[in-house]
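Each of the two complexes below includes subunit A, the first together with subunit B, the second together with subunit C.
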Partner chain A sequence: MHIGPGFLSPPVWMGAAAVSGAALAGSLAVAGRRLDDRKVPLMGVMGAFVFAAQMVNFPVLPGTSGHLGGGFLLGILLGAPLAMIVMASILIVQALVFQDGGIEALGANILVMGVMPAVIGEAVRRLWLRPLGVLADVATFLGGVAAVVLGATAVILMLWVSDSLPGSVGLWRAIGVMDLVHLVIGVVEGAASVAVARYVLKVRRDAVFGEPLAQREGAAA
Partner chain B sequence: MHHMMLDHFANRSTPAHRLDPAAKTVAILAVVLATVLVGRDRFLPLVPVAAALAAYHAVSRTPVRYALRRLAVVSPLAVAVVVLFPFLEPGRVVIRWPVGGAEIVVTEEGLVRAGHLLAKFVLCSWAALLLLATTRFQDLMQGLARLRVPRVLVTQLAFLYRYLWVVMDEGMHMRMARAARDGGLGPWRLRFRSRAGVVGVLFLRSWDRAERIYRAMTARGFDGTLHAPRRGRMRVADWLFVTCTVALAAAVVVGDHLAHA
Partner chain C sequence: MTTYNRNTLIVGIVAALVVGGVMSYFASSSPDGLEKTQEDLDAAEPRHGGVEAPPVAFHEYSLKCLGEGFWSNAAAGVAGSLLVLGIVLLLGRALRRKDAPTPRA
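Up next, the complex of A and B:
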């Protein structure tokens, strides 16, 4: 889903870069102020984790498979500020080292694959912090679908404003086709995120949410 | 497992490799910006950009086959858009191709747009791959730090690159182990869950790895900041290189806009 170089018009990529830059600057400020040294290696290794997690293909239909995007899951497990920094670093490495996504389109790609899913993930994270039971699962699933479909819609909108869609296609048809395809991908993202988040929180909830065990037991009592 | 190092050719020693990493970063960014700022459907301003990149490529003695192979692995979205343009852009028809009752047409406007997008795409990707082919990743990080990129971000990039292959290896082993157990067979639900298990375990192993790394760093006196040896000073050649490249980029943008004002 990376937007390649040359596809976005200057107002669009500059605007997207401004939005992502502001979100990232906010995250860096939070990270610099509130986080302990422990988070320095954690964020780096988590970036590598996302690369590795993207290799794991989830079966969709016979013959097709999809993989996790990363931003949404990290938003749930690390919170939006850390997830944004990690995803930004991944997209920078992909643009610089793998030529995946344009350098000038970095802001747009960070917005679509980093900032937006991380914010949705953060909202889901807050639901996980409460004893909601199966409702948290449902919210995670819907959040995953929303992160993917909204991202696809944002890409088409940016291409349309940039006049980089072929003339006879039209905005609504392009959004319709892209959203339909990404609805399927989103269902995978949502279902996989539910399964992964449930597993991680079952095994190591204390570590991931940073709450001492005693406090949680006290809250439950 | 063995991975091809992505900055494999960066350990050579040519005039291009010896340039200051910060200077190279600025120069490559200027070239990329000039390329994407060239107005719609114009090809002439892209020629000097291509010539500059070709000259740099020649000086750096980057193998052409390597560059072509890297350029061949392009974003599917870009390919889709470029391939669709000749058929879907309205305009003067150059090729008609009757298929059954319908007709596939290729328009001149569509071909021009596709060619223009493809040219920009190739030039930008070429510039990025030349930067990494002539600069080691850790030198690039130092360059970014000297260009006042926020330190948290530079540290993050350095850590990501350091542990990329380590965690990828672990992920590959786990993927292979899982494939050995279920052979890609079994009910859909079970296959889906086993893959979610791989990602979940990989997450927790990464979490624990980060914990171990942190302890090892603390044992060596880590106090929250990374101290890199301050190397490199801009020499005359570096200033000359960056000035010429930025001037060329500016000339391309200004010339393009004046010619079509």
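Up next, the complex of A and C:
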């Protein structure tokens, strides 16, 4: 879902960069309080994993692929501020090293794949704090779908305001085309988020929630 | 470093390298959801001035000196994953409060 170079008008990419920049500044300011010796390695490997997972495009509809975003999953496992920092790092590497996404569009890409899904992930995060079983699963799945569809809608809105959609294409039709594809991608994002969140919480619940190691039960890694 | 943290690093890095270095080779090469939408809406041509990073070592997710193919893609997946890992670990260490609680075990 990376917006390429030349699709956003200067007011739009500057505005998006300002919002993402403010969110990141806030995240960096509070990050110290949320980091301990267990969260730093978890944050590092989750960042590497999300970068890798984003490379795996899966078929969605005929002639169309999709890939995971990961910001929502990181919001659950790390909380919104750390998730935003990790997603920004990934998106900066993708733009600067792999020409994935325009450099001027970085703020917008961080907004739709980092800031927004991280906030939704944070909202779901607390459901995993207590053993809530199926409720946490369902909320995580739906949250993953919502994170992708909302991000996709935001992309279309930014393209529309940037005058990067032909005049003949109505805004609602554009949102419809974009959101239909991303609904399917969102289903995969939601399911993958449930699976990975379950696994990481099984093996490193102490690192995710900063609980004392003494409360851990079994499980290697 | 605790055993738990070391194991987390090992498991996480292996998972990232397998996914980014191997699985990604078998990824769909169809345009992604946004690209396809832009094509379908006849909106695939940029209308503004944009900036794209120069392909110094990598051309998209291929190592330039290896052309295309499995090893080129694997190099991109491995390099990108390790680069993100390194950046995030350094950031995390720098941001971590020195008086933050540390696990006892």
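We take it that the second predicted complex is superposed on the first by the 183 of 221 C-alpha atoms of A that agree within 3 Å, B and C clash if a C-alpha of one lies under 4 Å from a C-alpha of the other, contacts with A are read in each partner's own complex, and residues count from 1 in each chain.
In the analysis below, a residue touches a chain if its C-beta (ideal position, glycine included) is under 8 Å from a C-beta of that chain, and two chains touch if they have at least 3 such contacts.
What you see is a predicted model, and the numbers here were worked out from it, not measured in a lab.
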>> So in the superposed three-chain picture, is A:M158 touching just subunit B, just subunit C, both, or none of them (first/second/both/neither)?
In response: neither
> Now for A:V177: first (subunit B), second (subunit C), both, or neither, which partner does it touch?
Replying inline: second
> So, A:G167: does it touch subunit B (first), subunit C (second), both, or neither?
Replying inline: first
> First (subunit B), second (subunit C), both or neither: which does A:G66 touch?
Replying inline: second
> Does the superposition put A:A191 against subunit B (first), subunit C (second), both, or neither?
Replying inline: first
> A:A17 contacts which: subunit B (first), subunit C (second), both, neither?
Replying inline: neither
> Is A:A83 contacted by the first partner subunit B, the second partner subunit C, both or neither?
Replying inline: neither
>> Between subunit B and subunit C, whom does A:L111 touch in the aligned arrangement: first, second, both, or neither?
In response: neither
>> Need the overlap of the two footprints on subunit A, from subunit B and from subunit C, as residue ranges.
In response: 1-8, 10, 28, 31-32, 36-38, 40-49, 51-53, 55-59, 85-86, 89-90, 93, 95-100, 102-104, 155, 159, 163-166, 169, 203-204, 207
> Quick one: in the complex, what on subunit A touches subunit C?
Replying inline: 1-10, 28, 31-33, 35-53, 55-61, 63-67, 85-86, 89-90, 93-100, 102-105, 152, 155-156, 159, 162-166, 169, 173-174, 177-178, 181-182, 185, 203-204, 206-207, 210, 212-214, 220-221
> Which subunit B residues qualify as touching subunit A in the complex?
Replying inline: 6-7, 29, 32-33, 35-37, 40, 70-71, 73-75, 77-78, 81, 84-85, 87-91, 109-110, 113, 116-117, 120-121, 123-125, 127-129, 131-132, 137, 140, 150, 152-153, 155-164, 166-168, 170-172, 175, 188, 191-193, 195-204, 206-207, 209-211, 213-214, 217-218, 222-224, 226
>> Under the stated contact criterion, what part of subunit A meets subunit B in this complex?
In response: 1-8, 10, 13, 24-25, 28, 31-32, 36-38, 40-49, 51-53, 55-59, 68, 73, 77, 85-86, 88-90, 92-93, 95-104, 155, 159, 163-169, 191-192, 195-196, 199-200, 203-204, 207-208
> Okay, in this complex, where on subunit C does subunit A touch?
Replying inline: 1-2, 4-5, 7-13, 15-17, 19-21, 23-24, 26-34, 36-38, 40-43, 46-53, 55-61, 76-77, 79-89, 91-93, 95-97, 100-105
